[in-house]
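Below are two complexes that have chain A in common, paired first with chain B and then with chain C.
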Partner chain A sequence: MRYAYYPGCSLERSAASYHVSAMAVAEKLGLVFHELEDWNCCGATEYFAINKLPAYALVARNLALVPDDFTELAAPCSACYVNLRKTNKHMGKYTDLAQQVNQALAAGGLSYQPGRLHVRHLLDIIVNDVGYQTIAECVVKPLTGLRVAPYYGCLIVRPENGFDDPEYPNSMDRLLRALGAEVVDYPLKAQCCGGHMTQISDKVAYELIRRLLHNAAEYHADVVACVCPMCQLNMDAYQGNVNRHFGTNYRIPILYFTQLMALAFGLDAKEEAGVGSEIVSSHSALAKIGVEVPKQEEKKKRPDKQALPMPTMPDEEGRR
Partner chain B sequence: MTEKVGVYICHCGSNIAGKVDVEDVAKWAADLPNVEVSRDYKFMCSSLGQELVENDIREKGLTRVVVAACSPHMHERTFRGACARAGLNPYLFEMANIREHNSWIHEDTNAATAKAKALVSAAVHRVIHHQSLEPMRAKINPATLVVGGGVAGIQAALEIAEAGYHVYLVEREPSIGGHMAQLDKTFPTLDCSACILTPKMFDAGNHPNITLLSYSEVEELDGYVGNFTATIRKKARYVIEEKCTGCGICTEKCPKRVIDDVFEAGLGYRKAIYRPFPQAVPKYPVIDTQSCIYFERGKCKACQMFCPTGAVDFEQQDEMVTLEVGNVILATGYDLFDARKIPQYGYGRLANVFTSLEFERMVNSAGPTGGKLVLRDGITQPESVAIVHCVGSRDKNYHEYCSKICCMYSLKFAHLLHERLPGAEVYNFYIDMRTPGKGYEEFYHRLLKEGTHFVRGRVAEITDAARRPGEEGKLIIQAEDTIVGSQRRVPVDMVILSPAIQARHDAGEVAHRFGISCSHDNWYIEKHPKLDPVATMTDGIFIAGCAQGPKDIPDSVAQGAAAAARVLGLITQGEVELEPVRAIIDEERCSGCRICNNMCPYHAIDFVEDLGVSRVNPALCKGCGTCVAACPSGVITGAHFSNEQIMAEIEGILVSLNGRESVPAGDVVPV
Partner chain C sequence: MMASGIGQSSTGSFFEEVVAKTPGGEALRLCLQCGTCGGSCPSGEDMDYTPRQIFAMVAANLKDKVLRSNTPWYCVSCYYCTERCPQEIPITDIMYTLKRLAIAERLYDDSDAPDWSQTFIGMVEQFGRSYELGLATRYHLTHRPLGKISLGTFALDMLRRDRLALTPSPIKEIEQLRAILSRAKELEGVL
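And then the complex of A and B:
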């Protein structure tokens, strides 16, 4: 099975572990992902709110870059997936838009025929094209005893007519069960993580993140499994801020579903599953399934805004 | 001989005349070929209008009549009658529909008038080619088949049996009673459901004129009004009815306990050999082969060993019964919408979310908890309960229709909760409160006074994810209160969902078996939604109760009785006239290919082996025309719908468009 592959900006840096694990898992499952050449940002969630036409054109450029021999385009990030899917659909529905977008694309010698591609999320491809049966057959180190909260976020199954129930999806639940994990019924699985609200109104975002963490803790989840770099970043990188803001003490590692797949397939934890780069350490959680997580280098705590400056130790310079 | 055609244009008050220039149409039609007289009149269907036709036939010697008025569904019979009274064969009449097909749906007067002319012209051209036909007559077998032993079916069966005619009452489950037997109290009078139903069940089970075929299903129905042949599968009970006394020792001794998904709605248990409930009619138990240990492993037979009369027979086989009946009443009831299809409401996931039928069983003193209102743990009494309306009803994602009974039974639940759990907080989350019915609105007012909290707003989600103090360990209902205009989170101990009622899962199949049709929601379609609610388009097949659409007990009973009255009318007539609109095969030219045999939806075409030709059974044929179109040799003619008649009709329309110039034959594309 061959797919054109649009990784999206996050997978280059903050979500590198998603990319690494997805590629490792794909190889194991016989999926071939052909990364687009010279792809660009999808505009994330903001650009559509600012100026529609350039936003569509920005996304459409990526669609236009897909070589002719591909009909399916895979996107691992939920925001990229929604933008690509929306542009593909809207260009087909509104001929004026398609015309204007194609005019813009023509400047770069490109054009896109709306509806030519079928935009797919990575999770959709793994559960529907590969199937639970095949996945279960690849498992060599089942995640027995690991309690996983499947977190889908709000974008992947909405608007409806996607690949799963828009209110209460369960494809990842089944996938994780196929890996041998103990899946908790996570009631907030399709609620919002706050998105970019952390940049706009951090208190609102903290509350949204707190709900997700609180609920996962309530269900005694060892880890939360994600399908989107934004969700992962919010719950992982802002977990400390949430704890400080609410006086709580959550320590729930947030991993990508592909990382858990890679671990269950017996791939190398650091190199192939990309474990160890998360901010909230998965060390003790993964110890439950006998995975040795490379100890993270002790990172310097970022000082609070009110805190006084810390003197730099001499050997600090050369570290990073 | 040239025909003399009379044309009559109806004003229908302003229904037609308001949009169509009827006088102009009448004047225009007078010049059409063969037209002897052309008139317009205020109400053609009035007795004066009919007399106009009758007098013209007598005085002017009309040989054909065209009335342009409403749909033939409405008044074709009326005018055929007028023709017959004046001595003209009723099939020499044609009706043009210039109301439903014209004046009611068009805006522009000129265009509507032109269309009326076209339709009148079509009818005039067609009627010339009509032939005199004689209706066929068929005797009515006085026995009736009633399918479904819920309250509607029981009522229908009793009405007919009381009138002195025989009824076969077929029920799929081991006992009659239907959904009503599961209920505790009935709204708005709060009388005990079982107390008012069981006497009727007993009567139906013991009436000399009723043959009860429980645990049976109709597999096939052949024939036509007055003369149906039904093939019924009597499923093996593994209990010999003649020997069984209904003592219940077998059930007591049976070691296998399974969840009862049907009668107890999944809230209680039954044995592998069981009688659904103590007042079951008939009283004989059945063995469920799916769960019986003997059928699984070939060992056990505890019931047989303990049966004092030796009534258990593991060798029993399904039995096929053939019945001859004149009419059929379908009262096959409804299914409850599966609330698991709305996962955000948590049914099947969150323990203390119940469905309405589960709650009916719980509150019933003969139910699994003996009438105690408890949470799923079987011990804890809820201190707060939320009832959620419109689960799967009035929802584009599931069923767009209103299920009609849920508001009322939700109110009833609230009342029962106040009664059984004094001090408990009871919430009703509704979209609109729909309480039309005798004493229903009064019941709603009573509940307002009893202290139920009414929140107007569709529930978005039911979750156990606590967010605020006081929510821990509770089920939280998230809804927009559209009266206050804000979001609300209401923590409760127990949630009761009021799911939609929907057509039986196999309604489509059953409708096909009985030759009737279903709406897109799979409810059986009545002949006319207002004026003929219990008949169907298939003569001799009647419908009653929730199979036709959501309704409460009084409406179901009324429909059961109404269907019975319609059947009794036919039985008393003794004979029925059948439309002579039939297909005829020219046997000389039939190639015997048999294509038509399988095409016929009414199984009306037989193959005559020795002659090698197909032949239509005129009593079964409905004149649908499928075979006429399908015949590769073109040798099947539909009486009253011959090629000649249809071509003339088309020509009539084209003539009117071309300013009455006759259309050259070459321009008419042959069918």
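And then the complex of A and C:
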């Protein structure tokens, strides 16, 4: 199975572990991803807030760059996925828009026939084109005993993206079970991580992130599996800020579903699964399945000489 | 004739402008004021007005009040409202339209969100791809840098794990992209 592949900006660096693990897993599953030559940013959630037509044109350049012999375009990032899918769909639905976008593309010698491509998320391809059976057959190191909270976030299931339920998706649950993991109930699985609010109004974002971490801790998850670099960044890199803001003590590692797949397929934890680049260390979680992750040095807190020893509240601990 | 909801406004009104500038915006005429949108919104409690109130205000042509509110800027684009709206109003896209109008008319009280979007897009127009370090530096240095000390540790954490690029990685055909974007701006009449 061959797909044109649009990695998106995050996968170049901040979510490199997603890219690395996705490619390693793809090879095992016989999926061929052909990276688009000279792709550009999809505009994230920002460009549509500034100019409508340039925002569509920015996305459409990527659609136009897909070589003729591909009909499927894969995106691992949920935000890129929504933008590519929305542009493809809106151009097909609104003729005026399609015409104007094509006029803009013509300035760069490009054009795009709306609806020519199917835009697919990586998770969709893995569960529906490959299937749970084949995935289970590739497992050599089942994730037995690892409690995983499946976190989908918003943009993979909404708006009307069709391959899973928009309110209570299930595809990744089944995938993780095929890997042998113990999938915990995760009622907030399709709630928002705050997106770009960490930059604009951090307290709004922190509360949304806190709810997600709290929910994962309530169900005793060892790790949260995610499908989007923005979700990963918010829950992982801002977990410390959330803890400081609310006086909590969550320490839940956030990994991409492809990283867990790579581990279950027996691939190298660092080189192929990209484990070790998360801010909240997965050391103790992955020790449960016999994967060794080098321990990160903890930042030392300056001891307060006058403070009395204080017990921590159990519900603040997030279980640990 | 279309079944009538809140949209009874005359041509050339703010309401008509919002409808016209949103792909699929026609559905806004059908708003029932049921409040499912606000009830589904993860940041609704931080908004000046809930989405339902905003749509009533749009229908009443309260342009200034709508565009000055923080509501569109606190929309996190999670699409819950769009998914659940019984009238299939593309609410998230309408919020994008309101952001665009607020920027065009410079009608926002708090500039953080619009500036963030514009700084982000500035990077994209310059390099063709996002450049997080440049973006964060430019934005946060001009937006209450003293309140952002924690971002230093954040950047350090990211750098130590090789998750932050020190230099941008421009695309090859940046001139082509710029030509496309400036034609698009011309067509939209913003140049």
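Keep in mind that, in the parts below, the second predicted complex is superposed on the first by the 293 of 320 C-alpha atoms of A that agree within 3 Å, B and C clash if a C-alpha of one lies under 4 Å from a C-alpha of the other, contacts with A are read in each partner's own complex, and residues count from 1 in each chain.
Criterion: a residue touches a chain if its C-beta (ideal position, glycine included) is under 8 Å from a C-beta of that chain, and two chains touch if they have at least 3 such contacts.
If you're wondering where the values come from, they're calculated on a predicted model, not measured in any experiment.
Asker: Looking at the combined model built on chain A, do chain B and chain C fit side by side or clash?
Answerer: Because the two structures are overlaid on the shared chain, the partners are seen to fit without clashing.
Asker: Determine, under the contact definition given at the top, whether A:Leu105 touches first (chain B), second (chain C), both, or neither.
Answerer: Touch status of A:Leu105: second partner only.
Asker: Once chain A of both complexes is superposed, is A:Asn51 in touch with chain B (first), chain C (second), both, or neither?
Answerer: Only chain C; A:Asn51 stays clear of chain B.
Asker: Between chain B and chain C, which makes contact with more of the residues in chain A?
Answerer: More residues of chain A are touched by C.
Asker: Looking at the overlay, what does A:Pro187 touch: chain B (first), chain C (second), both, or neither?
Answerer: First partner only, chain B.
Asker: Is A:Arg61 touching the first partner chain B, the second partner chain C, both, or neither of them?
Answerer: In the superposition, A:Arg61 touches chain C alone.
Asker: Which partner chains sit in contact with A:Asn215 here, chain B, chain C, both or neither? Use first/second/both/neither.
Answerer: The answer is first: A:Asn215 touches chain B but not chain C.
Asker: When the two structures are overlaid on chain A, which partner does A:Glu167 contact: first (chain B), second (chain C), both, or neither?
Answerer: In the superposition, A:Glu167 touches chain B and chain C alike.
Asker: Quick one: minimum Cα-Cα distance, chain B versus chain C, in the superposed arrangement, integer Å.
Answerer: 5
Asker: Following superposition on chain A, which residues of chain A contact chain B and also contact chain C?
Answerer: The answer is residues 167 of chain A.
Asker: Sort out for me which residues of chain C touch chain A in the complex.
Answerer: Those residues of chain C that touch chain A are 21, 23-24, 42-43, 46, 73-74, 76-80, 82-83, 90, 92-93, 96-97, 99-100, 103, 112-114, 116-118, 120-121, 124, 128-130, 132, 136, 139, 150, 153-154, 157-158, 161-165, 169, 171-173, 176-177, 179-185, 187-188, 190.
Asker: Where on chain A is chain B touching in the complex?
Answerer: Its residues touching chain B are 165, 167-168, 170, 185, 187-188, 211, 214-215, 218.
Asker: Enumerate the contact residues on chain A facing chain C in the complex.
Answerer: Residues 9-10, 12-16, 38-41, 43-54, 56-58, 61, 90, 93-94, 97, 100-101, 103-110, 154-155, 158-160, 166-167, 191-192, 194-197, 199-201, 204, 208, 237-238, 240-241, 244, 276-279 of chain A touch chain C in their complex.
Asker: Considering the complex alone, what residue numbers of chain B touch chain A?
Answerer: Within the complex, chain B touches chain A at residues 342-344, 349, 461, 463-467.
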